[in-house]
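Both complexes below contain chain A, partnered by chain B and then by chain C.
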Partner chain A sequence: MSVLESIALLGATLLVVGTVFPAISRNPTVALTLQAAGIALIGSGGALVLFGAPLIGAEFRSSLDPALGIDGLTGFFLATLALVAVPALIFSRDYLAGVKRSRALVALCGLFLISLVGVVVARDPSLFLASWELMTLVPATAILVRRSDATVRRAVYVYLAVTHLGGVGVWICVLALAHYGALDNPAALAAHGSALQAFIIAAAIVGFGTKAGLMPLHSWLPRAHPVAPSHISALMSGVMIKVALYGLIRVLFEWAAPPPLWVGFVILGLGLLSSLGGVLYALMQRDLKRLLAFSSIENVGIVALGLGASILFSSQGDTTWAAIAFAAALLHIVNHAVFKTLLFLVAGAFERAAGSLDLDQIGGLLRRMPWTGGAFLVGSMAIAGVPPLNGFASEWLTLQALIHVALGPSLGIGVAGAVGAAALAATAALAVFCFVKVVGLVLLGPARRVEVETAVEAPPATRGALVFLAGCCVALGAIPGLLIPSLMELAPQPRTLANGPGLAIPGTGSLPSPWLLFGLLALTGLLWRLRGSKRSAPVPSWACGQRIEPSLSWRSAGFTKPLRLTLEAVFRPQREIVAIREHGQLQSLRYRSEIPHLFDTLLYRPIQRGALRGALIARRLQSGSVRAYAAYLLALLLALLVLARIGAIG
Partner chain B sequence: MSPAAITALVVLGFAVMLVRRRSLATLLVSAQAMVLGIAALSLARGRPADFLVAAIILLVRAVALPALLTFTRRRTPEPYLVIPATTVLVRLVLAATVVLIAAASIPPLGLGDRPAEHAAVALLSLGIAIVIMRRPALLQVLGILVAENGIYLLAISVPGGLPFVIELGVLFDLVLVVTVAAAFTHKIHGEVGSGDTDLLRALRD
Partner chain C sequence: MNALAGAIQLIGGLALAPLLPGSIQALKARLQGRRGPSPLQPYRELRRLWGKSLVDPQPTTLLYRLAPCLVAAAMILSLFLVPIAGLSPNWPLGNDAIVLVGLFAFARFALAASSWDTGSGFGLMGSSRDLTLSVFAEALLVLALILAALPVGSTDLVAMSSAANGSAAWSQPAHWCAAGAFGLVVLFETGRQPIDNPDTHLELTMIHEGPLLEYAGRDLALLQWSAAARHWIILVLAAELYLPHWGGFGARLACLVGGVALICVTLAFTETAQAKMRILRAPALLAGGCLLALVGLISWLVS
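Take a look at the complex of A and B:
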């Protein structure tokens, strides 16, 4: 056994021991430490394989004999998982203190990590599908263990229903690939014609796309993420949806490769819809976690734009740019994992300190929680794509790829690239708008409630985890060029690119990200120096002579109203004003405004109505008589015998 | 398998469809299992392991399960006669029709014993037909056993026999099914005062 295999095996052992440890001990710290050590070792093994160490374990196989292995792509996902899971586990120690059923939550967290690792290290269909199902069920259990009121039960029901319906696509895709022997021999699929390949790819897009949260298959995501415990939300948003993208990447770029041109257009279209739709709905949210969930859809869309661009480049024979677009998508995967985990964890800390995540009910947390608030500020800037942080680097690279798609020789592909580039640019701008709102309402201004005024800074271990993730946002933004060559090696047709810490791309300008960071630090230092001993002097705002009340301060709805009015045809907001009168005199006004989720009303509700109608018809078959059910059975038996006799089956 | 044994199996199956008393029907199913078991023992001659498995199956199918059903019958006395769903003649005609269609439809299975294949599918369809046309819960359980006997007939007709792990696994399933069915028969009788499964339709919302 090689050293690398020993590291991975030791990591797996520690992770499993950490998962079962809560059964024998009441102390969660030991269990969480074991889990963190285990996942760190597994992630280290993955990172070593990513950066050139020999592959570990088995190759992919189409038979059902369980097998495990780590190649470059698996290594990348394991390293990403470890990078965010370790801080999430450290965070959860303080987060779960005093929480009911914390031992169960610790064990479930470990089981969730095992399932995530299982999906990416599985080398056969049985282990892959088993881990996939476990990955779906464990977070649902964790949510219900933490809270089980009607709202949460409904959210979990929708999550399980949608992801299982979508999961059918995963089963069909993986089992069909295994049946035709394409898991270990991708060329095997080509012999069976393009229709089969198209069928498998369509199943994969539905199956993996549902779990990844690609619009319009996303409806579970903004419901489930907000109700989960924060460390589970962080892992769901930071890693689980990326693991779904891992499956999609395996199918599109390896098992069913090369994908036909239409797949590139479809992925690009889904990316466009998800990125723009995600950020627009994020802007309209008042609940911080729900806003972050919609933002996850946006970022999955950006990854899909990169993957779609890579397929379009491949179809044109431009393998270098195909590899660059592929690397851009992977870079955004790790970047989003880092800043989204950070933001969800901070949301958990804010909820604990301020008692609410309603954007209109918090305010002024930067002064009360400087470390946590500072980390949130860095994460918000990163997710908004502000240079020189990591979100900017990957979005810039994706944008460059889309611009180069637009410059291609084919008119159709060129138009698709141009539309994609415009959509990404709009998404980036709207994301800045969105997180300016979030930072302004959450971190700045006065406290809007008494509980917020008494909020205290998070415990040191939590602060450490958050600052580590914020540091990762800075580091990944400063030196993305060190990762790009390894990520390009993972493309179906690997290409190498000489790169320094910044990004230097052929046929376009470079992005000297380290210098950007140094420049920014120098400017900040200079301004700090020039400020000297001066301090800000808060003065009351002018409010036309009225007394300043919390109700007069900026609200989420007020901040986004210009956009809502501009896009009224898209959002179709519903408003209700109720005037309460007594003896003809107006006593009070009640105002309610809601942005309905269009995908729910236009897409899911008609499907739901149709399904219920179908169920009513099917119910007529349910006579309640045992003898009638036996008659169905006999009819089926005779029909099968007749079909077999005439040679239709068998 | 000898033509006489095959004929006996099918005739016993038809008899279960026609008789009124549960005790007699149980005896007929036991006799059917006994015929099948003896046939299986004769086919397993010279193979000690298979012979032992066939003997165990015979004991369970022909003795233990009928004993369990007899015990259940004694604990669930019917206070009045359960009105049959159809007359004896209609039952006979319908059962014969179903059996003929099934036997005519079955494609060659390659067992090398075409009469056994016909008899197996006849027993299978006859068993389900018994469940459809008999109302008492215990008779419906006996219908399942007749259908199971058809499947067992196919199993012993496979040249060389099936691996004993499969045979014992199927036997375990059968014991489980009949035990649960017997428990439910008792429960149904306790709740509605009769083993008439048509009364259960009242439970439908």
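Take a look at the complex of A and C:
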């Protein structure tokens, strides 16, 4: 057994021991430490494989004998998982202190990690599908263990219903691939013609796309993510939806490869819809965790844009740019995992400190919680895609890929690339809009709640975990170039590219990210010195001479109003103003405004209504009479006999 | 040559930038039959502000006080990216067009965050409008940059500028569309009519002036210089990529000066002739620019 295998096995053992540990001990610290050590070891094993160590364990097989293994792509996802799971576990120790049933939550968190690791290391269909189902069910259980009021039960119900209906696609796709022996021999599928390949790819897009939260299959995501405990939300948004993308990548780029051209257009289109739609709805949210959930849809969309661009490049034979676009998608996966985990964890800390996640009712937390707030600011800037942080690096690379799709010779592909590039640019601008709003309403300005005045900074361990994640945002933004060669090696047609710490890609003006970071810091410092520490006079902010009362302060709805008015046709906001008059005099006004989620009202509700109507019709068959059931059996038997007689079956 | 271009990039950007808004204002006053301020007025403003004391609205955080430095730092870095007459010394910052877009977004983020910090309605009104329009403007900017990148297949600004050199580029309809689309970007980024009115401090109409309202002294000086630098960067970029220029370095430098002057005159004329449009109409204008750019791209791809 090699050293690498021993590391991975030791990690797996520690993770399992950490998961069952709460059954024998009340102390969560030991269990969480074991889990963190285990996942860190597994992740470092994965990282070693990613950076060139030999593969561990078995290859993919189409038979149902369980097998495990780690290759480059698996290693990448394991490393990403470990990078965010360790801080999330450290965070959860303080977060769960004093919470009812915290032992169960600790155990479930470990089980969730095992299922996530299981999906990416599974090398056969049975283990893959078992881990896949476990990955869906465990967070649902964790949500219900923590809270079980009616709204939460409803959210979990929708989550399970949608992911299982969509998840059928995963079963169909994986079992069909196994049936035709395509898991270990991708060429096997080609022999059966393009119709089968198209069917399998469509099943994969529906199945994995539902779990990844690609619009319009995302309906469960903004319901389930906000109600989970913060560290579970962080793992769901940061890692679970990425593991769904892992499945999609395996199918599109390995098992059913090479995908035909239309797949590139479909993935690009889904990415465009998800990125723009996700960020537009995120912008209109008032609840911080719900906003973060919608922003996850946006970021999955950005990854899909990269994957779509990669398919379009390979169909044109441009393997270098195909590999670059593929690497851009993977880079965005790890970047999003880091900052989304950070933001969800901080949201949990804020909920503890301020007692609310309603954006309109927090305000001014940066003064009370400088460390947590500072980490949140870094994470927000990273997710908004402003340089020099990591979000900008991967969005820059994805945008460059789309621009180079647009420069290509073919008309259809070129226009698709240009539309994708414009949509990504608009998405980036909307993300700035969205996260400036979040930063402003949560961290800055006057406190809007009494609890904020007495909020206390998070405990040191939590603080350390958050600062570590913020540091990752800066580091991944400064040296993305060190990752890119390894990520390009994972593309179906690997290409190498000489690269320094920045991104020196041919056909671009290059993104020398370390210099950008250094330049911004140095110039800001220089200007700060120049500005000097002249005495400044404290004054109230200017509001035409009035005091800024809480009722005058700006809220989420006011800040986003220009955009809501501009895109009224898209959002279709509903307003209701009720004036209560007595004796012809206005007594009071009641105002309510809402932005309906159009996918729910226009897409899901009609389907739901149709399904219920179908169920009503089907219920008529269920008369409860034994004679009727005997007649059904007889009819079925006769029908089968007739079919066998005419040769349709058997 | 490279050293000269680098010197113009830096010294020109730092020192000459305030001349652009100053001369536009002076020319506009003449066109409107007023004597108006001298083109050097922005320099006097900056000198006056530099000597003044600061104001610290309560309650604010460090972010509010850092914002002017962050905005100005992003603008100074942007100066290094834009080539002068098709040349740029090998600064370690590269010359990528999309990095420039990112630095502008960084400045926008910092300024909008500062207006949240004061909580003042005027700043927030300005930033929310600015951010709304930026959604459309950024898409338009990227499309216009794609059109300029078509002949060379690269988003390197130096290469793009060389591709626009000579008359060959103008035989392509795509280049004309790109010039038109970028014209709208110029209007938005410099905050000129019909999208924004730089002369007004009337809260109901202002966009870019709003977030500056609380600042005083050196902070305000830095922000006003940044607004001037934004004029410089966008106008030089427009002249380098989307206006005609020929020949070697010297000739192109003359073309650059002429091009920037031409845009200044055009802006002064537009501001005199054209009233400001309703803010909610501006996105439609910018989206129209996006369509124009897409038409340009299609004309390139079919030919």
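A few remarks follow.
Keep this in mind: the second predicted complex is superposed on the first by the 614 of 650 C-alpha atoms of A that agree within 3 Å, B and C clash if a C-alpha of one lies under 4 Å from a C-alpha of the other, contacts with A are read in each partner's own complex, and residues count from 1 in each chain.
Following the convention adopted for this analysis, a residue touches a chain if its C-beta (ideal position, glycine included) is under 8 Å from a C-beta of that chain, and two chains touch if they have at least 3 such contacts.
Being a predicted model, the structure only gives us computed values, none of them experimental.
Using the contact criterion defined above for the overlaid structures, shared-chain residue A:I548 touches chain C, although it does not reach chain B.
In the superposed model, A:S625 lies in contact with chain B only, and not with chain C. In the superposed model, A:L633 lies in contact with chain B only, and not with chain C.
Which of chain B and chain C touches more residues of chain A: that partner is C.
In the superposition on chain A, A:M381 makes contact with chain C only, not with chain B.
In the overlay built on the shared chain, the residue A:V168 is in contact with neither chain B nor chain C.
Once the two complexes are laid over each other on the shared chain, residue contacts for A:L641 go to chain B alone; chain C is not touched. Touch criterion met: A:G558 reaches chain C, while chain B stays clear of it. Once the two complexes are overlaid on the shared chain, A:A423 sits against chain C while remaining clear of chain B. Against chain B, in their complex, chain A makes its touches with residues 622-627, 630-631, 633-634, 637-638, 641-642, 644-645, 650. Chain contact summary for the complex, chain A toward chain C: residues 364, 366-367, 377, 381, 384-387, 392, 396, 399-400, 403-404, 406-407, 409-411, 414-415, 418-419, 421-426, 428-430, 432-433, 435-437, 439-441, 443-446, 502, 504, 506-512, 515-516, 519-520, 523-524, 527-528, 530-532, 534-543, 548, 552-554, 558-563, 565-566. Put simply, chain B touches chain A in their complex at residues 85, 98, 101-102, 105-107, 121, 124-125, 128-129, 131-133, 135, 140, 143, 197-198, 200-201, 203-204. Chain C meets chain A in the complex at residues 53-61, 63-64, 66, 68-70, 72-74, 76-77, 81, 92-99, 101-103, 105-106, 108-109, 112-113, 115-122, 124, 127-129, 131-132, 134-143, 145-146, 149-150, 153-159, 213-214, 217-219, 222, 279-280, 283, 290, 293-294, 297-298, 301-302.
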